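In structure tokens below, several structures.
Below, subunit A partners subunit B and then partners subunit C, in two separate complexes.
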Partner chain A sequence: MKSKVNNKLKGLGSEIEEQIDKKLNPNISIPIRTLSNIIYDKSTGQLTLGDKVSKRYFFNVAHAKKFMQTMMVASFCNDLIGQNIHASIRDMFYNLKRTLPETSENTFDVQSESDPIIIDLEVALDIFREQLHLTTDRKGIVAGNVIIKDRGDSIDWSKLGSGGWSIPSTVEEIEFSKVNADFVLVVEKNAGFERLHEDKFWQKHNCILIGTGGQPSRGTRLLIQRLNREYKLPVYVFTDSDAYGWYIYSVIKSGSMSLAHISDRIATPSAKFIGLTISDIFEYELKKCIIKARELDIKRAKELLNYEWFKRPEWQKEINLMIKKGIKAEIEALSHRGLKFMSETYLPEKLKKKAFLP
Partner chain B sequence: MKSKVNNKLKGLGSEIEEQIDKKLNPNISIPIRTLSNIIYDKSTGQLTLGDKVSKRYFFNVAHAKKFMQTMMVASFCNDLIGQNIHASIRDMFYNLKRTLPETSENTFDVQSESDPIIIDLEVALDIFREQLHLTTDRKGIVAGNVIIKDRGDSIDWSKLGSGGWSIPSTVEEIEFSKVNADFVLVVEKNAGFERLHEDKFWQKHNCILIGTGGQPSRGTRLLIQRLNREYKLPVYVFTDSDAYGWYIYSVIKSGSMSLAHISDRIATPSAKFIGLTISDIFEYELKKCIIKARELDIKRAKELLNYEWFKRPEWQKEINLMIKKGIKAEIEALSHRGLKFMSETYLPEKLKKKAFLP
Partner chain C sequence: MKTAAELAKEQKEISISEFFEKNKHLLGFDNPTKALMMTVKEGVDNSLDAAEEAGILPDVNVRIKNISDDKFQIVIQDNGPGIVKEQVPRVFGKLLYGSKFHRLKQNRGQQGLGISCSVLYSQLTTGSPTKVWSKIDNKNKTHYYELNINTIKNEPEILKEEDINDGLKEHGIKIEMRTIGRYRKTIEDYLKQTSIANPFAKIVYNAPDGTRITFPRSVDALPKPAREMRPHPYGVEFGVLLRMLSKTKSKNLASFLSNEFSSLGAHSSNLICKTARLDRNLKPAKLTRDEIEKLLNAMQKVKIQRPPLDCLSPIGDKELEKSLKKEYPESEFITTVQREPEVYRGFPFIIECAIVYGAKTDKMDVIRFANRVPLLYQAGACAITEAVRNVEWKRYNLPQSGNEVSAPVLLIVHMCSTWVPFISESKEAIASYPEIVKEMKLAIQDVARDVSRFLSGKRKVGEQKRRLLLFERYAHEVASSVAKLTGKNEKDIENRLKDLISKRIRISDKDEEQSEQ
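Moving on to the complex of A and B:
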């Protein structure tokens, strides 16, 4: 894997070298990432990039600086991989920021110049940031009957007490030594993770429990996808019953606009939604815990209605119910029925009935 | 410990019972937490509560509801401890929210009614939230030569690969089986944690590495204090060179206004500041990475000048330098000198010279 990425970076360099040898204007082709080139692929259920491409030339006053920046970032990442170390994108920015000799021109002035270059390389070379050894902010915890190998350590996710394993930003390099689970349960909230973890839910139901702490980090999304793809584990997502929670589900399942170029490496199209639905509020007698939806909630919900992957009748019904009644509810509302209601009644019932939304 | 807290809760109940038996107006005494009763204790270096107290009566139209709420929360926590389970404060709110029979009056309408009751109980009974089995949001990661026991698992912080151990919200109950370290290094940023962790800093310098991911969670602050108090480990805090970073240091060292009532259980007055200072920017040739301070940064810095624990000359010099020059810098700026500069040059030099701020 590592050498494949290295080869792609070196290929980029050789190509430029050849162009120079042939006295051509050195250039790089980069797929366009604006909305006009983002499409929803029904067959894979993912957002993905179309085939529009732009070219970045060295001998072009409008392109020259960006061309140089692209080469600098590619070279930096090549070094990272060569030395086998990782860096954050901010580390990279500071490392590359300097003044060109005998000018007052900086290589990069602000980080918002270097960040998009990384995405350029991701799409141009069909690799992704983690493979370039650039780290993303970490978030997310996991527990379950799984043993992994990571940086020479053998880590048993079932023996980490109340803490769980903190999912690092790069999970590309971890190896699974043992995966003993029937499914993956992804919980939006840390508090939900803690309650389920304490009630030994993953042990009783033989699953892998992942807490995302809000919108999942790239590392967490990659981990979910790896477990799904490599071990064929069904993935069930458990969020609040509101537009924000449903959007989290949608991002896990289908990717996001801003990362459409790597959807196939980060999304899990077969993921299913286990709850909370608006119907659950009535089915499980949670009416006392209803929260009145704000204007923004309704606006977001109306937007979701138009997402391709929410056009299924089950979702249209739920989202419209939310809009009509102007209500939402949180995972913690289940505590109204008792603190163990979630782990001993609600989730087991949903799993038994296979009451999932698509 | 558990029975001590249980006894305090039961004591509260018995006291009310006695008052009822004596036909007195049942009441609870609660120390006042407003600014007028928060003092900085120079001898301990902590923010703490003074001795002003208010009384909450049952037979008082203005107090009756709050009195009932206090009893409900106390009883809920008593159950949690009895059943040995934990809940988030939001779980508690939903659990206790109901309508009083034959009225339209709710026990609690919004969570902002139940949250302060928890603090009331903390101060009234001199215990703290974690001991009442109420969880706080988790954040923070740790790695080092330490083995702990937690919920029956033995967890080796030195063998968790790139992930580290995710610090749970309650660290009261973990047991240390082995602590082999000379000091604790607390890093404000996850990216900094990852770089140091990858460079095996904690191994090379025999320390415990803690990443707080911004303002540290209660669990993380408690863990820092336990390592300092129980194992006499010096604590060094490493943050960005700006008012926000320095405030993080201040919170770890001296506690915060909003948690003044538990400073002695959560603060680590002997903690020292290892960097980044404004002087470091010049000493370590990071001028290329200076960020211009915004108006808000300067305003915050001016506020810090008046904090008791920043009145030491070393801090006054640094803060004034920041204000005068109108600059700040981030931990990641060290990457300008090379990605391993932080772990191989900057921190080792600071440690060797004991170049800490008080």
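Moving on to the complex of A and C:
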């Protein structure tokens, strides 16, 4: 595996060297990652990249610097793999940032310049950031009846007190020693996770509880996928009742536009949406906690309507309802009917009725 | 109360010289700086006119010495044909005496005022007479004069006159005057500009501080001589016509017209007579005022060919370019244009124009010439300035704010004509006849277009240089990264990449950049 990634990086180097020798304009082919080249594959239920490719040339004033940056990142990752060490994407930025001799120009000025280059390399060489030995900050928490092995240590997700286990950016190499659960419940918000964790929801319902803390990290998404694929656990996603929450659900299920090239590695197409829907607001008498939708919410909702992967009638109905009524709600709203309403009434009922959106 | 008889006693003739005494400014002698300038200018103009007319490549020597605080001695010497002994006193000692006034021919001087004004000014301010040496050929000795002007009679007053043995070595004139003045570097500018407009002249200048500047010839041939032309009917006024009628040798009106005017044949002469309802056989000298008026009107009405255009002697676009290259060796680009002859009020004229780009200035300077003479003052009132303001410089890649063009540019505009319409006798600015301003603007636009093309080429080269530097800047990191990936020698890859850069980015080559997608 490692040598394969190594070979791809070396191949890129050799290709550029060959172009220099042949007096060609050195270039790197990079698949385009804008909406125009993103395709929703109905058969797999995932977003994928189309076959539009752009070329990044050295002899082009607009490309030259990015060309240099791409080669620098490739060379940096090649070193990491060679030495078998990992670096965070922030480490990498600082390692590669320097002032070009006799100028006041830096190779990289801000980390937002080096981050997208990593994704460029991923799509160009069809490899993953994790394989390049690059890590990101831990994001996401998990609790449940599961024991794993991480770098030789055994960790029991049921014995971590109030905290839960922080999900690292790389979860490929985690080994599962014991998985005892009937399903996975993913909660968009850390507050929701805290509530359900304190209420021992995962014990009572024999599930694995995951809090994403907003948009889920790649590590979290991959962990969800592994639990789904390797242990056939159904995945239910619980988010706010607005366009942003619903998009989080779609990212877990179908992949995101910005990482469409790795959807099949981190998406979970069989995931289902448990709540919150606009219909729930009326069904569970949550009218007191309705929030008026802002202009931006409506605009975003209208965008969702047009996404291929939101074209299912159930979703069109929910989104249209939201636009028509001009309302939204957050999962904390459930506490209006008592703090334990979420863990003791709402979720158990939804699970029992199998009231899921596809 | 005074009686008419008493008043009549007080009324008397004013001599031209007295008039000048009181109206120095009309002739350009308004202050000490300009007075010194005018003295040099009139002397040099005359020297160049004389030599050119005699077919001699002019050598002119100017020396200014500061004798005391504000007193200067000016010596101007040329290698022209000289002036015959009998004429010298009147040329220098009588205002409005000269050969150039009564003819239509492109000359530097026009009125026969210039040098005698300098003599008068010197006499009025220092009391010193003007010294003149003249030699016409080697068979004759040098004639030496010391003279003043009798300001009441407007006649020369000869103080000393003799033939001297050890005078001038060859033919030519030398004059020496003393004048109250103030010295400014404008005199040097004037001589430099004179040298530009007269590339066939050699001018040597000895400044008051002892420095000696030589403005060498840039061409070794005199220009095609300007030819005298008869007046064109469109440019004639009542007084002139009256004088011409009284002096003509022609027997009748029709032949007077075709003999004395340019562009008039038998047909158009008869047509004028017919239009004026005058008998073509009238004796010219017998015409009444009323008849002259009718004749003049008819002359303006009838459609007449334009005047002959071959009587002018422009600097020449090639000659002007050579001359500018000599004076501005630091310049990056020089372009010149000579327009086709045009006509205003029956006078033919030619506009020439040049731009020097990369001169030692950060805003555009305009150098004005009329009949090869630099115009140094009253720029604001000049047709050239008006034409310059009519041009939209931004359209020619030259940054402009208000009336100022911020670029290292010298703009040279020359008008040559058989009669340049100056706004005053001091000949400092050309009057803004629409035909003239229009032609000047077209000439300026011609050269401005050339500059615009030059600048966009220059910008392209600059862009190529910037691209070259950009690619070179990134070459090291690229090479070093590639070397780390392939395990090859870093220096080697870097050299090959730099080699490729210099091959692909050739300065001034066409841009063949490939772009994404």
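The criterion applied here is as follows: the second predicted complex is superposed on the first by the 288 of 358 C-alpha atoms of A that agree within 3 Å, B and C clash if a C-alpha of one lies under 4 Å from a C-alpha of the other, contacts with A are read in each partner's own complex, and residues count from 1 in each chain.
By our rule, a residue touches a chain if its C-beta (ideal position, glycine included) is under 8 Å from a C-beta of that chain, and two chains touch if they have at least 3 such contacts.
Remember, it's a predicted structure, so these values are computed and weren't measured experimentally.
Novice: So, does A:101 touch the first partner subunit B, the second partner subunit C, both, or neither?
Specialist: second
Novice: Touching A:78, do we find subunit B (first), subunit C (second), both, or neither?
Specialist: second
Novice: Quick one: is A:56 in contact with subunit B, with subunit C, with both, or with neither? Answer first, second, both or neither.
Specialist: second
Novice: Is A:9 touching the first partner subunit B, the second partner subunit C, both, or neither of them?
Specialist: In the superposition, A:9 contacts subunit C only.
Novice: Tell me the contact category for A:17 with respect to subunit B and subunit C: first, second, both or neither.
Specialist: A:17 contacts subunit C only, not subunit B.
Novice: Should A:195 be classified as contacting the first partner (subunit B), the second (subunit C), both, or neither?
Specialist: After superposition on chain A, A:195 lies in contact with subunit B alone.
Novice: Quick check for you: in the superposed arrangement, does A:25 touch first (subunit B), second (subunit C), both or neither?
Specialist: second
Novice: Touching A:67, do we find subunit B (first), subunit C (second), both, or neither?
Specialist: A:67: touches subunit C, not subunit B.
Novice: Report, in rising order, the residues of subunit A that make contact with subunit B in one complex and with subunit C in the other.
Specialist: On subunit A, the subunit B and subunit C contacts do not overlap at all.
Novice: Which part of subunit C faces subunit A closely enough to touch in the complex?
Specialist: Interface residues on the subunit C side: 467, 470-471, 473-474, 476-478, 480-488, 493, 496-497, 500-501, 503-505, 513-517.
Novice: Quick one: which bits of subunit A touch subunit C in the complex? Just the residue numbers, please.
Specialist: Touching subunit C from subunit A are residues 9-10, 12-14, 16-17, 20-21, 23, 25-27, 32, 54-65, 67-68, 71-72, 74-75, 78-79, 100-101, 103, 105, 107.
Novice: What residues of subunit B sit close enough to touch subunit A in their complex?
Specialist: Interface residues on the subunit B side: 80, 85-88, 90-95, 97-99, 135, 137-138, 141, 148-155, 159-170, 173-174, 190-191, 194-195, 198-199, 288-289, 330, 332-336, 338-340.
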